[in-house]
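A short worksheet on the structure shown next.
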Amino acid sequence: MGDNAILKRRRRELIVGAVLLIVLAVLPLPIESVYLRGLIVLTLLYAGLSQGWNILGGYCGQISLGHALYFGIGAYSSTILYVTLGIPPTLGMFVGGALAALAALLVGWPCFRLSGHYYAIATLVISQMFLLLASNWNFINASMGITIPFRTQSWLDLEFRTAILPFHYVMLAYVAVVWIIAWFIEGSRWGFYWRAVKDDAAAASSLGVRIFSSKMAAAAISGAVTGVGGALYAQYIAFIDPDSVLGLSLSVLIALPAVVGGVGTLWGPLIGAAVLIPVQQLSASWLGGSGDGADLMIYGALIVVLALARPQGLVSLFGIRSQAGGAVVDRA
Amino acid sequence: MTASLIIQVVLGGLLMGFVYALVAAGLSLIFGLMNVVNFAHGELLMLAMYGTFVIHENLGLDPLLQIPLIVVVMFGIGVAIYRLLIARALDVRFNTGMVQIFVTFGLSIFLVGAAQLTFGSDFRSINNGFLSNQTFTLGPVILPMSQVLAGVVCLLAFGVLAFISRTEFGRALEATREDRDAVALIGIDRDRVFSIGWGIGAAAVGVAGVMLASFYYISPTVGDNFALIAYVTVALGGFGSLLGALIAGLLVGVVEALTALFIDPSLKQIGIFAIYVLVLMFRPNGLLGRL
Amino acid sequence: MPEPILQLRNVSKSFGGVAANVDVSFDVARGEILGLIGPNGAGKSSLFNSISGAVAPDRGEILLEGRRISGVGAVACTQSGIGRTFQVVRSFDSMTVLENVMVGAFARLRGSHEAMAKARAMLEFCGLEARMDRPAYMLTPPEKRRLEIARALATQPKLLLLDEMLTGLTPTEAQGGVQLIRDVRAQGVTIIMVEHVMEVLLPLIDRAVVLHLGRKLTEGSPAEVVRNPDVIRAYLGDHYAAV
């Protein structure tokens, strides 16, 4: 029995991933612009967040428009633990991730029996509900937000004064870990089950797939990863408030790179983030400064065009296996 | 906290409820028709509100008189959105559900940006309309005339929608909803039915927008809030059910008003959200829904 | 018969007021190929759905090796050893042929490598190994049917339900299908087949159960059943040509 396409592809993915990691590790070194370095940090963060979203939305097929909820839980948990109890965010982020996973399970439990659009709306409404609650909850300082004071430079506390480079490596580690998790899952029993459920739930259950519990597993992992991302973001920006960590536009921005890049694929969220985040950030800086809206028009139009022109995602441009095809090159 | 205050608040909530019901009806129509959630629905409302504002400022036409004009324009916009964007989204070979969601999302972001570019982010309002300062008195209850009229007009528009649903076109809509491929066999042009469906849905929300413009503030993001309420209303009433949208709209309006009164104005939506979660848990199809 | 592998006892099922199965009882012997036949609307697919756990019967019970499996759900039925194929082939179109079968293999195996090995073995058994890396949607109709069988076999079933596996095939394709089914039975799997193509079915099966309007009409050897006047009458409305 020779090697088959699956094994070859998986090996190739690991090699490409390793190369990409090295490239990204050295990328910021020659760049001096603080702005550009910050842009790359954000791109990496959203790549990781979207990869996490992809686990539930892309592989499992449940389009969530409320992932900001998990991001916000991660951000607030880690921040509050740090600011009030001095617990370092390197630990706090796991607490945030665990709480976010729990929230994802609680949301999934009633919502997974809803189909497609109804599920999307439910996640949207639920996260908006928590945005409203958070904006009025004095324990977390309501809509005034929490500022993270700078104490001492430390990797444990993820505090680096004004240096951006360390955060580059933090975010790079984040997206690398999320990517590895996705790679593992893709080849695992769960990965197969999720894709089967997404393709044909009835056929899947006739083959022994427990639909509900596999969706809950996807939700928990996705939520946890998003929560950790939120905690890291909080340390990076050093200020969080309900609008910035629980808002709808954040939920959309978490989902978009995967959608645009290619849902249910390993590279989709990365490619999507690399395209979308710079466009969105740059147009916001150049055009949106005075709130004149042109940046939103570009951003919105780009989403529409990409969604219609490349519904299977940008990965298909690279001849990479996309959701819609098998192991062979798919240029549909 | 007098009884008449509570009655006034409840009545005000009911009136707003008719507006919510109409907005939800437009959404539900499109939804029930082709299983597409229009995430740009709030922005259609916003467009209608701005349109009303602009026409009022430049031509002096009172909002109430603009209704026919706005209905026609919004109908056209709805058809255009369907033909240019949604029809393409429906024909996509892969990930159709997702493409539909994000195409309408992208559209909503685009429209907000366009409004911001054209009008700026400042709040606008129509202050010197025909009805701006009149009130309606019923015993101890005093309500702004513009809100009363908004409720009445929206209820009437709702009646028109109900009427349409009973006509032959309404039944064609229903048939296309049930099986969009099979209807071609009996001579129903799917694209034409869908276009008109979108047109009607947009026109419905347009009427709501015209009436809202006469007393509500207007801004590029005003649609977001109403869209959220519309999603909850449609989910509560049941997707695809007009009667459900009406009952749910009224319920939402009253609950919102009472929550604002008894709990806190800035938390007024909490009551609606709570109901939504309850419905989600115990009746996911909504009160009158047919999934 | 010695301890039957499957027993149906007074199974009844209605959908929205329409009775699909009424009081159906019969046994299936271990290792036999049983044909479930009857004109359209006889309730064959509905019975399959009850046996495979996709639906729960309203009344009566179904026992697999003496244990009740009616009403436990599709997943539990698969775990207990029931595999099925569908009338309209339902392949996982975003996956390759091999990946499709692996989904089935994961029913019994945890690790990906074991599942992959099992899947390859099943594909080889069904003659699809050469197509294993092709996207599933690219297979020809007879190949898709083999895929369905391979996938169901990967769950290591004791009982396999085949829903119109041989319908719409050319004579050569049908013969290939028949041979595969015989090979499956030779592995020790009991088979129940719903089929309309009588010329191909009757030589293949050991026994037949005939359904008509939701009830069991008769059962027996293919020769007996075909000569039964009630059976012939039931089929006359279906333009059945006597074999």
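Each chain carries a letter (A, B and C) given by its place in the written order, and its residues are counted from 1.
By definition in this document, a contact is a pair of C-beta atoms (placed from the backbone, for glycine too) under 8 Å apart; a residue touches a chain by one contact, two chains touch by 3 or more.
Everything numeric here is computed off the predicted structure, so don't read it as measured data.
Leaving out only subunit C, the chains are still linked to one another by touching in one piece.
Chain A has its Cα centroid nearest to the centroid of all protein Cα atoms in the structure.
Compared with subunit A, the chain whose C-alpha mean position is the greatest distance off is C. The mean-CA centres of subunit A and subunit B are about 32 angstrom from one another, to the nearest whole unit. The distance from the centre of subunit A to the centre of subunit C, with each centre set as the mean of the Cα atoms, comes to 43 Å. One inter-chain figure worth recording: subunit B and subunit C are separated by 50 Å, centre to centre, where each centre is the mean of the chain's CA atoms.
The multi-chain contact residues of subunit A, meaning those touching 2 or more other chains, are 323-324. Looking at the complex, you find that subunit A touches subunit C at residues 1, 4-6, 187-189, 192-193, 195-196, 198-200, 202-210, 264, 323-328.
Interface of subunit B with subunit A (complex): residues 31, 35-37, 85, 88-89, 92-103, 105-118, 120-121, 220, 224, 228, 231-232, 235, 239, 264, 266-267, 269-270, 273, 276-277, 280-281, 284, 291. Residues of subunit C that touch subunit A in their complex: 52, 54, 73-75, 78-79, 83-84, 86, 90-99, 102-104, 106-107, 110, 112, 115-117, 120, 132-136, 138, 151-152, 155.
Taken in their complex, subunit A has these residues touching subunit B: 63, 65, 110-111, 113-118, 120-122, 124-126, 128-129, 132-133, 135-136, 248, 252, 255-256, 259, 263, 291-304, 307-308, 311-312, 322-324, 332.
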